[in-house]
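Paired with chain B in one complex and with chain C in the other, chain A is shared by the two complexes that follow.
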Partner chain A sequence: MTALDEIKIGGMGARRRRVEDNRFIRGRGNYIDDIVLPGMLHMEILRSPLAHARINSIDTSKAWDIPGVRLVLTGEMMATRNLAWMPTLSYDTQAVLATDKVRFQGQEVACVIADDPYIAKDACEAIVVDYEPLPVIVNPTQATADDAPLIRDDKENQPDNVIYDWEVGDRAGTDQAFERADLVSTIQLHYPRSHPAPLECCGSIADFDRSTSKLTVYMTTQAPHIVRAAVALIAELPEHMIRIISPDLGGGFGNKVPVYPGYVMSILASILTERPVKWIEDRTGNLISTGFGRDVYLQGEMALRRDGKILGVRMHTDADHGAFFGDAQPSKFKIGLMHSAFACYDIPTAHLTARGMYTNKAPGGVAYRCSFRVTEAMFFQERMVQAAADDLGMDQAEFRRLNFVRDDDFPHRTPFGFLTDSGQYGKCLDVGLKAVGYQDFLKQKEEAKKRGRLLGIGISTMTEPLGAGNSREYDILGIKMFDSAELRVHMTGKAILRTGAKTQGQGHETTWAQIVAHELGLPAEDVLVEEGDTDTAPFGMGTYASRSTPVAGAAVAMVSRKIRAKARKLAAHLLEVSEEDVDWELGRFYVRSAPDRGVTIQECAMAAYSNMPDGLEPGLEGNAYYDPPNLTWPFACYIATVEVDPETGVWDVLNMVAVDDCGVRINPMVVEGQIMGGLTEAYAMASMQFITFDAEGNCVGSNFMDYLLPTAWETPGYELHEVVTPCPHHPIGAKGIGECATVGGPAAFVNAVLDAIKDTGVRNIDMPLLPDRVYEAITERHDVSGAPPVKVDD
Partner chain B sequence: MALFEEIAAEPSEPVPVRRVTISVNGERRTADVEPRLLLAHLLRQGLRLTGTHIGCDTTNCGACTVLFDGKPVKSCTMLAVQADGHEITTVEGLGGASELHPVQEAFKDEHGLQCGFCTPGMMLAAKALLDEVPDPTEDEVRWALSGNVCRCTGYQNIVKSVLSAAQKLQGQSAADGS
Partner chain C sequence: MYPSRFRYEAPHSIEEAVGLLQAGDGEAKVLAGGQSLVPLIKLRFASPELLVDINDLPGLAYHRADPDGTIRVGALCRHADLEGSALLADRQPTMAAAAPMVADPIVRNRGTLVGSLCHADPQGDWAAVVTALGGHVVAQGPGGRRTIPIGKFVNGPFQNALAYDEIAVEAVIPAPGGTPAGGYLKLERRVGDFATAGAAVAVETSGDLVTRAGIALTGVGGSTIDAAEAAQVLVGRPLGAEVIAEAADLAARAAQPKSDHRGSAKYKRHLVHTFVERILTRVGDTTERAA
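Up next is the complex of A and B:
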């Protein structure tokens, strides 16, 4: 009897083709807008054209007159149900439909439910709203000015526009480090507002059945169980009578974590009309009202010793949260995990202060392909590191290497108190430098300069915390951040697995089965994976912040092990030996002293239903709740080389090398897909993708003509490399990967462009590095800071 | 409760409609449509061909791409009445009942999709390219797909998928020719 070949059964490490693709390539996916229920009505939302205004009146009479209109809702009507406001995920409140004022452009003012979406849109246009414009605030500086109008006058105890004033780290120790410094390097940066913009917008279909009192909501959500809890609390409905179903999602990237007003309105509309009500957001609605990412300003200082050692770091961030504090993040930390910055460097002390401000912009602060502000943290870190290397006149690679945490220094306490688990930082850097041909490129660059050509190389190295919890420190609205899996092995050895996560393109239907195959020896194709239905899936916190593999993936391994433990009892019974005499190899138990005598896992499954020993509970099913002991800490080294055209400011990527160490790879093909997708978002942010606002608070970037997303034409090619340092505390040694490239990538591109134009003395150009901004920096020889101004032509 | 009394009556005036006949995936389909109805909505809601997706309001994303007399068009930017008398191919018509088109196979083999939302449009744009240019360069593929946005894959594997489908198709036609 030869042991099973794990790759052949689609286990760990197999480049298994994806199961979900079978329906997607046939156009048979089941996305929210593909679902049609009998008698379904359609909802459209009327949004505010103004960023800040008092609502004097709303006249809906003309809308009611349009044939086919079933219901028109305003804030006043919502208020009679106590639903005009709802809680956010950050202990703030957000208007569902505006009552007193609108506080950002695109805010929901009314909605119409009609027989078809065209009629509902017509009716929205027939609603007349009398607005009285108010002064507008579009950035943190304006928000904290002495005469700033108060945005959240709806709240008690909110005398100004400051949401929080928070600090973490060692202030006194850091002050001392700066006193001892030979050199202090400083930099100011802005990470512009951006939007995850999954290709599918948000939407919901609420279906309230009066006869059973059951509310079923199909919803584009990355976290269906959190939504069930939220609906139970907001709408005061019994939780067991709420079923949230998240169907196939056309991407999420953090955009589909929060609970949006549209969902709540569709639920109320279904309760009132006793018909299913569908709401499908349009792209403008998506971009101007749902969760944005970033929009943070940094003042950074680094205390340096002459020989290149970093002695301490000071950071101050001002974050623009928009009109409602709607960050989706662990409750304890006000600016997410910004303080995970500098985790890969051996720095004795650091201190971070952070302020958050209300402005007349859309709320959000979602973790856009990001583990709660680590994207900003790592961008700031790698820009500060680059600036420091330049100030010291040191080689950028050597400066990093000198300050890296050493391989034998794990677990390592970071300057802000995290405990990193493992890594081989120097090795990753070496692999990257070799792949890009570092020394050769430096020579090439000097040669090119003589001929007037500008070449540059940019490095970004980072480790980031992925996979919240542990439950001691991580919760959202008090709900602890663990995750879950439930496995049922049927008598013929086929199985169904359900988890509390929710795939949005990551391929859980494929990769979770690979973990089961690895643990039990069941061929992956014999394991059906289902997620997203709160009536059937075990409670979990959902998929975002790269937490699925670290948390739910671990739960899959743990539940498989529980099943294996029970199967061992069945095997002992079948083999007529005691349990202690039974050994395991992939897919099979055998008698230790007589390895030829064995039973397969499938035979054990059959026995669980047909031939169990006395006293053993029948069946072969189990569940596991996994509370991670720590976050997982993948490491990445991204190196970009670029050429900048001095005549136009246009820059081209010559090469982008990515070295990722995400521990053990379940499915390398899927991991590589995540990295390439992430690199493209990094390139997008560095080069073109941003949302800004004019002085009146008009959103610029409210559709795909203004909000630029790279296509296949602009997007560079990538060269991927891997290093594997298994995670010491994860059951299968895996670490998160979904966002590493988005987090670490932008700094590599920006550092490369700045390296190319270093001779101009320019220290910084804030993202996006649009050609006109690069051109301005080259020709005017000054830094280009802040969000790109809105050009008004008249 | 007051809200229920306020619910409007059934529509009274008939909305003007026009009859259109379109060949969709080789089948003649006839429908009465409002003149303002978008082709994408006719396909999705009227004919229940939901593989054609909608990702934007401004003709930028390409999720709605279908073939119109063999050429890729964005069905969100075309009125249903404009398709009267024409041939439309959607993703549902790309493969046969049991067989996949080589482009579909290649997207799966090369991991050319993640969430799958852009995929039908991408595959149809790719098919249109390969019908014209059987052996495209990487640049030609990237250019042909530049009207289609993907937010997940970073395009590298999509390009790979199209190049590999090209090879497969060429192999097939060589075999057919011999």
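Up next is the complex of A and C:
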């Protein structure tokens, strides 16, 4: 009997086609707006046109008069049920419907529930709101000015617009390092506000059944179990009577982690009308009111020795959180995992101070394809590293190599106290430099310069922390960050696997089955993967921050091993030998002394229901909760080459080489898809994608004509390479990968453009590097800093 | 995105369509490709009472050349038809250059050149191209047909010279006197974005001399800008570096850009200069080689 071919059964390493694509590419997905319930009503939200204003009155009488209108909700009515405000994921409160003031443009002011969405929209337009405009704050500097208006006058003990003052690292030790420095390199940066903009916006259908008291909510959420807990707490409903179903999701990218006012309103509306109530957010609603990413300013300083050794790092960040502090992140870290910066470099000491401010902008600060501010951390890191190499006059690749943590130096304590466990940083850099033809490109660049052409090369190398928990360090509002999997093997050897994660493009339906195939030898196609229904799936923290493979994926391996352990007992019984005499090869137990005598995993499954030994519990099912011992630390090296047109400031990407080490790859094709998607978002951020505001707090970027996402037309081609350093503590050696390219990519593009125009003496252009900003830097020979201001002259 | 209530009619003849517009008494709108009108309606920036869909009108999807070289583009000729047109590739370089730069491939499948002229967006590409070429629009109303020169047709930002009961049936580019040359360049931040700045240049040459020239600018003023003075300096001269620089200077001066999120006024003016210079230099190089 020959052993099973793991690739053939779709196990680890198989480039298995994504099973979910079967329905997606046929237009047979089941997204929130595809769901139609009998008697369903439709909800539309009226939003504030002003960024900061007192509400004098709201007159809904004309809206009630429109035929087909069933309910009009205002903040006042929500307040009578104690639902005008709700808690955020960061121990703050957020208005569900405004009562006293509006605090950002697009804030929810009223909502209408009607027979169809057209009527609901008409009725929203018939609501008259009397606003009294207040002075507007659109950035942290304004927020902390002496005469700044107080945004959160609803809160006690909130005398100003500062949310937190936080620090981490070793202040005294870092001060000493700076005293010893030969050179201090400084830089100021802004990571502009961006928005995850999933192609499907948010939405919900709440269905409260008075006869059973059961509330079912179909909802676009990346974390259905967290929502169930939140609804139980906010709406004071019993948790077992709440069922959250997250159907197919058209992308999430962190945008679908928080609980939004629209969900809460649809739930209350269903309870009041006793009808299912559907809310489908439009694009503008999504862009101007839901969780954004980034919007952080950095002052960075690096203490350097003349020979290129980094002695210490100081960072200060000012973060603009908008009107409510709604960051979705582990609760004890105020600026997420910003302090994961510099983890791949061997730096003795570092110190970070961080301040968060309220402004009259949309709340959020979600981890947009990012493990909690890690995108900002790595961008700041790689821009600081680049500036330091330039200040020292060192080659950018050599400067990085000199300061890397060495392969034999693990486990390694990072300057801010994380523990990294594995990596081959130098090797990844070598693979990247070779692929891009580093030395040749430098020559080419000099040649081109003689003919007036500007070529540039930019590098970004980083390791980032993915896969929160462990539960000691990571919790959200006290709920520990672990995950779970439940596996039921049926008697014919087919199985259903459920986890507490929720796929939204990551391909869990494909890859989880591959892990089961690897552990049990069941063909992947025999394993159905289901997620997103809180009545059937085991509890889990959901999918974001690249945590599913590190945590839920580990739980899948662990539950498979539990099943295998039980199957071994069944095998021993079938083979009539003792358990100790049974050995395992993929898909089959056999007698150690007589390898030809064996039983397949499928035969064990049948026995579990038809021929179990005395004393053994029937059935072949199990579950596993997995609390990871540490984060996983993938490493990446991204190298971009560009050409800049000096006359227009337009830049084109010539090449983008990505070397990713995410440990063992379950499905290389899925991994590559994640990397290409991530690189495209990195390019987006570097080149065009940002949300800005004018002085009145009007959002510029409220639709896809103004909020620019690159299309296939602009997106450059990528060259992917891999290095594999298995994660030492993950059951199958995997590390997170979903976000690496988004996190590490932007700095490569920015460093490349700045390299191309180095002769101008320009040290920084803040993202996005739109052609006019690059042109300004080239011709005026100065840095172009800060959020792209909206300059409108009449 | 739910529009206000509206009525919808899809007539089968121009006369019927004109009748509907007349009955609509100013509350009706023509629907051609819908690529400008539908976004406005779904955002409720426009709430017409009646939409008169002209897509079923027969015989308007053409673009063709008369024996004398006059080019006619019917009201239902799509941007994509022009992009793939052998006729334009062969005979009308400015239009051929512009067609693939209008919007994105999806919009080009539906949107029309005539609709773009009617919409009169200062950032629309076709109005600049037709202006540089000295074209005109043929309109049909209850009283029959009339011809409106492009400079009069586009008479303000998002304004045209049609009466409420008139339909634009075709755009006309006059036959060239010499060899047509030219081009269109624009800067867009992303495909489908409107122009940060754009320049249409159309010249006719005889030997190495310019016999006719038109330059018009996109996105750098309250409406399409006819840089006639810049074009005029080219006439009667060969396309040398000096005269090209002069024309580029004058075109940049004719621009009336404003600073906004697409770039500063200064930058946009500079782009106009760069684009006019680039197109003319390329044309100059080819004419020189041909002569």
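We take it that the second predicted complex is superposed on the first by the 793 of 794 C-alpha atoms of A that agree within 3 Å, B and C clash if a C-alpha of one lies under 4 Å from a C-alpha of the other, contacts with A are read in each partner's own complex, and residues count from 1 in each chain.
One rule holds for everything that comes next: contacts are C-beta pairs under 8 Å (C-beta built on N, C-alpha and C of every residue); 3 or more make two chains touch, one makes a residue touch a chain.
This structure is a prediction, so every number in the text was calculated from the model and none was measured.
> So in the superposed three-chain picture, is A:650 touching just chain B, just chain C, both, or none of them (first/second/both/neither)?
second
> Name the chain, either chain B or chain C, that contacts more residues of chain A.
Chain A has more residues touched by B than by the other partner.
> A:439 contacts which: chain B (first), chain C (second), both, neither?
A:439: touches no partner chain.
> Looking at A:785, would you say it contacts chain B, chain C, both, or neither? Reply first, second, both or neither.
neither
> Regarding the shared-chain residue A:213, is it in contact with chain B (first), chain C (second), both, or neither?
In the superposition, A:213 touches no partner, neither chain B nor chain C.
> Using the touch definition from the top, say if A:118 reaches chain B (first), chain C (second), both or neither.
A:118 sits against chain B and chain C alike.
> Between chain B (first) and chain C (second), which does A:688 come into contact with in this model arrangement: first, second, both, or neither?
After superposition on chain A, A:688 lies in contact with chain C alone.
> Touch check for A:18: first (chain B), second (chain C), both, or neither?
Once the two structures are laid over each other on A, A:18 reaches chain B alone.
> Just to be sure I read the superposition right, which of the two partners does A:772 touch: chain B = first, chain C = second, or both, or neither?
In the superposed model, A:772 contacts chain C only, not chain B.
> With the two complexes superposed on chain A, say which partner A:282 touches: chain B (first), chain C (second), both, or neither.
both
> Check chain A for residues that touch chain B in one structure and chain C in the other, and list them.
Comparing the two interfaces on chain A, one with chain B and one with chain C, the shared residues are 118, 282-283, 705, 709, 711, 713.
> For the complex, which residues does chain A have touching chain C?
44, 117-118, 120-122, 125, 282-283, 647-650, 688, 692, 700, 705-706, 708-711, 713-714, 770-772, 775-776, 788, 790-794
> Name, in rising order, each residue of chain B that touches chain A in their complex.
On the chain B side, the touching residues are 1, 3-4, 6-13, 34, 36-37, 44-45, 48-58, 60-61, 63, 90-92, 94-95, 100, 104, 107-109, 111, 113-120, 123, 141-143, 145-159.
> What residues of chain A sit close enough to touch chain B in their complex?
17-18, 20-29, 31, 33-34, 36, 64-71, 77, 115, 118, 197-201, 248-251, 253, 272-273, 282-284, 504-507, 669-670, 672-673, 676-681, 703-705, 709, 711-713, 715, 717-718
> Which residues, counting only chain C, touch chain A once they are in their complex?
It comes out as residues 1-5, 44, 104, 187, 189-194, 196, 258-265, 267, 270-271, 274.
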